[in-house]
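Presented sequentially are two complexes of subunit A, the first with subunit B as partner and the second with subunit C.
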Partner chain A sequence: MTTNPETSLCLQCGKPAADQLVCSGCGVVAPDGSETDYFGVFDLPRNLTIDLDDLERRYYALSREFHPDFFHDRPPAEQAASLRLTAIVNRAYKTLRDPVPRALYWLELHGESLGRDNGRVPPALAARVFAVQEQLEDLRAARARGAAAAERDALAVVRDELRSDLRAAQARLASSFAAGDSTSATALAETKQLVSELHYLRTLLRDVEKEL
Partner chain B sequence: MAYSDKVLDHYENPRNVGSFPKDEPGVGTGVVGAPECGDVMKLQLKISNSGLIEDAKFKTFGCGSAIASSSYVTELIKGKSVEEAYAIKNTQIVEELNLPPVKIHCSVLAEDAIKAAIGDWRGRSEAEGKKEDVASSSEKKAV
Partner chain C sequence: MTDVERPPPIVGIDLGTTNSLVAWLDGETPRVIADPATGEVIVPSVVSFPAAGDPIVGNEARALAPIAPATTIQSVKRFMGLGPEHVSAADRQRYTFVDGDRGVVRFVIGDRSYTPPEISAFVLKELKRRAEAALGCAIRKAVVTVPAYFNDSQRQATKDAGRLAGLEVLRLVNEPTAAALAYGLDRANEGTVAVYDFGGGTFDVSILKMERGIFEVKATGGDTRLGGDDADEIVAAWLLAGADLPADAAARRDLQARARRAAEEAKCRLSSTAATDITVALASGQTIARRLTRAEFDRLVAPIVERTLAPCRQALADAGLEPADVTAVVLVGGSTRMPLVRTKVAELFGREPLCSLDPDQVVALGAGVQAGILGGRRKDMLLLDVVPLSLGIETMGGVMTRLIERNTTIPTSHRETFTTAVDNQTAVALHVLQGERELAQDCRSLARFSIPIEPATAGFPRVDVTFMIDANGILNVTARDVRTGRERSLDVKPSYGLSDEEIERMLEESIDFAEEDVAARLLAEARTEAESLIRQVERTIHDSPARLADGEEDAIRGAIAALGAALQETDYNRIRDLAQALSDASTPFAHRIMEASLKHALESKPAGGDPWA
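On to the complex of A and B.
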């Protein structure tokens, strides 16, 4: 894990030792981890492919190490560090355990973000979103009239299709992870495309499930 | 998160919801989406031969801020020239609607929708122009 060089001195021994979570000089918890790379928190390479059981083991180990309960009799600066590091470890775990946030984070580390891609929603996907959303409007209108059975049945079919497409997209993301961790422009673009598609499908499915 | 009064007003009474037939002459359609949240927005402009935006309609499926941003844009854009509309910046939408930082991407989406709709209109009018050229030149040949 990297830290801000200006604040990465160990509080205890004063050595510039805080590029790890625990100072190698004196074994005290590092004072600062503001510039944290979530992969580095768990001492993992920046790979999209992660062994989830291994990640969980590392997470539990770190959680125990920094648990604020173990710091109640330590100096205030160390207590504060334990709280902050616990928060970082939790955030890092949450981000890395779910493939979609992990992929987003991984893209960010490589200077890519989905936010710059507004114009590039795939036309077929956009058309699908509009079609399904209009079906939802029809369902709400039918409900207001008091007879919505046909609309609801139609949407249940849509929901099942969305669920299976979402599963397929997740599987494609997983297999693109497994295919290697290339950071070539093509690989980055492909990952971006897949994560975007997952977000559109997730949002749409969430809206459908809310109405059914 | 609390929405501003203006966002609530646009959300509860959205202006200019609807659509024009995509193939109608002078209509430009922009469909954009926000891949981080899955919101989608369709903005359609009806543009006169002299390049004036005569009417605008939108359909947005997304959060309150996305709906308000597109609703506000349809009001803002009517009566403007294509060039003026193209120059609209998302910051103008942020200021008008008091959007918080986490919702700035909604205003970007609306700005992108304007650009996409104008781009579509430009592409179609060029294609129309070519068709007319072809038509007139073949007429000449026929004569």
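On to the complex of A and C.
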């Protein structure tokens, strides 16, 4: 499977329609909005810092306008457009409301993809990831023996630590957002590292929670 | 707008495992519709097939269950969208199925077979008949509820059942969400709400944020094969333990059906008493008699109740919430009458659950509200629901690659670009899956798609495939050639569904349509659709004349006139073609209106004040 970098042209009229929800050339709604600017969907500047209550109000307003529930009695072209638009609006909202996907998306817009390093554990977390994996193994082995109370308790402590670290990392990311959406190389690298750590802490916490 | 004949109401249907109901929005108030003849509101979801004559539905069929267990299908909802390999040993003992290990489940009744959607259609037809008798008009459109945790095949099967019953299913609504709609009519209930829906055969939990008329589902979870029926089975087994079961299968089937019925009645009594006596008559003339206390009953069903709690915790975690964040807990479904359920739910969420609306009726009432929203009677309310299970495709090494994560708000779409791996490859095959497991074999297979490709050098063809999950939670796949921009046709093989041809054939075979000429029906359908299209387009022109481009109105009016002329004739193919031409002629106009709405939505929003603040 490959992804395709070329389709930033409107599929209807062939004019560039790279980052818009509705093609300015012919008015047709982008087929799935893969190239739509998610910040633009909500008429917001491309800033990492977002007022979540404001974002939600914008999301609800767009939903009230375009949800297919309000179109079932309209001509087919409008029904289809409402479905596509709502799908794009939903995806844009999902991406922007959570700081991690939002930061990932923002980095992507600035040509910084986490893709290459995504599978690699951030160096700062390597030892920790290893230790937690070992504890998970211990718990599974203990379960297989039939008595896992001690291992469970130990893992619950790890879970609480991970939760509090995650909160701290989120706070750091938030303050880095607030520092002013700098697109200097250093700032981008720093954001990238923070997001990568956050991503890993989340995965780790999810694995632990699943096992408990 | 000019005077238009008031369209017949859209009804809301709760197609339950055990019982079904129909409701509608009467003005601003949802009401359950009673049978004018009997005053009954509940139709037991039971269909019995006598040796001769029409199938029997409802109470009468339910009474036949212990007498004719093999030809009386109960809880058919548990079989919707499943394949023969999913049928349990207990069910095989109870019913006869068509042999085979592929495709949909088929029940053998006499000398023919029935799929679950066909059997469900009999229940839907009874509800339709009832609504028509009570409201005094023909009912054609409905909203039908499904368990939130239903997968794509189960949803599609429910939609098929509607079609077979002569109903256009405008929307499938998740049962817990429907319940939230009914409760949400009272603004006092706004906040973060957990809906715990424990029915006859399914369990669902949904966490919603209800605010200013928007019902946003944050997460959902459940088990489509866990319900009050399981409690009955356990109590029936306890009842029969130690009893001398007859050796021959038919007698055993009969005894088990009686024991289940006795168990179910005892379960209901134990919701309000501390102990109850149960007796089951044996064919030999002897009787089994045992006394069941509430404490013993709680002990028996505790594992079942316990199994509902894990999805609750998961849904909370998925929503990123703690139990304390939940401001209200709503109980839905008959099985929440078990006192142990109430205790455990209150324990988990740390608050007493709400049950001010009848747990048997609340889902139907909510479906009635949604029907009203679709009918344009409640513009102030909107449901934003989620897909319950992740959707993906099988990739190298039998791995499930997720494209759309569970709990994503629907409608949602995802696009992938595919190419060929070898020279002159003539098709790209896709296996679409649903589920949370890592391996394809552990996920539910939805369908296999084959996209035809013109022969070329490997890697040269590029096909964009868009996976769109609509507001019903049903997947639609479309493919488009990147280089030519042309839509590609898809060859779809649903894993556990009926093909369009099969549904057509069933419709033709069913008694309701047998007397009608197929051509006459196709003509009638084409006419209805064309007339509705003309109405829609005329209304749009009337509402937004400023959006018309130069000469566009003439072109559209011309297309309307041509279609209008064809409507006087009887060639349904011509009507369809001209309807398509009208649709095409008005498409750019429709897009311009959407673009204008988009600008309007964004401009008239925050700073200017939220209309809901």
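The working rule: the second predicted complex is superposed on the first by the 164 of 212 C-alpha atoms of A that agree within 3 Å, B and C clash if a C-alpha of one lies under 4 Å from a C-alpha of the other, contacts with A are read in each partner's own complex, and residues count from 1 in each chain.
Rule of thumb we're sticking to: a residue touches a chain if its C-beta (ideal position, glycine included) is under 8 Å from a C-beta of that chain, and two chains touch if they have at least 3 such contacts.
Bear in mind that the values here come from a model prediction, so they are computed numbers and not experimental data.
Undergrad: Using the superposition on chain A described above, determine whether A:S63 touches subunit B (first), subunit C (second), both, or neither.
TA: In the superposed model, A:S63 contacts subunit C only, not subunit B.
Undergrad: Identify the partner contact of A:H72: answer first if only subunit B is touched, second if only subunit C is, both if each is, neither if none is.
TA: second
Undergrad: Could you look at A:D54 and tell me whether it touches subunit B, subunit C, both or neither (first, second, both, neither)?
TA: second
Undergrad: Looking at A:S196 after the superposition, I want to know if it touches subunit B, subunit C, both of them or none. Which is it: first, second, both, neither?
TA: first
Undergrad: Go through the superposed model and pick first if A:R102 touches only subunit B, second if only subunit C, both, or neither.
TA: The answer is neither, since A:R102 touches no partner chain.
Undergrad: After lining up the shared chain so the two structures overlap, which partner does A:D207 touch, if you call subunit B first and subunit C second: first, second, both or neither?
TA: first
Undergrad: Once the two complexes are aligned on chain A, which partner has more residues of subunit A within touching range, subunit B or subunit C?
TA: C
Undergrad: In their shared complex, at which residues does subunit A touch subunit C?
TA: Touching subunit C from subunit A are residues 1-4, 6-7, 11, 21-22, 26-29, 31-34, 42-43, 54, 57-58, 60-70, 72-78, 81-88, 90-91, 93-94, 209.
Undergrad: Which of the residues in subunit A end up touching subunit B in this complex?
TA: Within the complex, subunit A touches subunit B at residues 104, 114-115, 117-119, 121, 123, 125-126, 129-130, 133, 192, 195-196, 199-204, 207.
Undergrad: Could you please specify the touching residues of subunit B with respect to subunit A in the complex?
TA: Touch list, subunit B to subunit A: 31-40, 42, 59, 61, 105, 108-109, 112, 115-116.
Undergrad: Touching residues of subunit C toward subunit A in the complex: what are they?
TA: That would be residues 170-171, 212, 214, 317, 373-374, 376, 379, 382-384, 395, 401, 408-419, 462, 464, 466, 468, 470-471, 480, 482, 485, 533, 536-537, 540, 583, 586-588, 590-595, 597-598, 600-602, 604-606, 610, 612 of subunit C.
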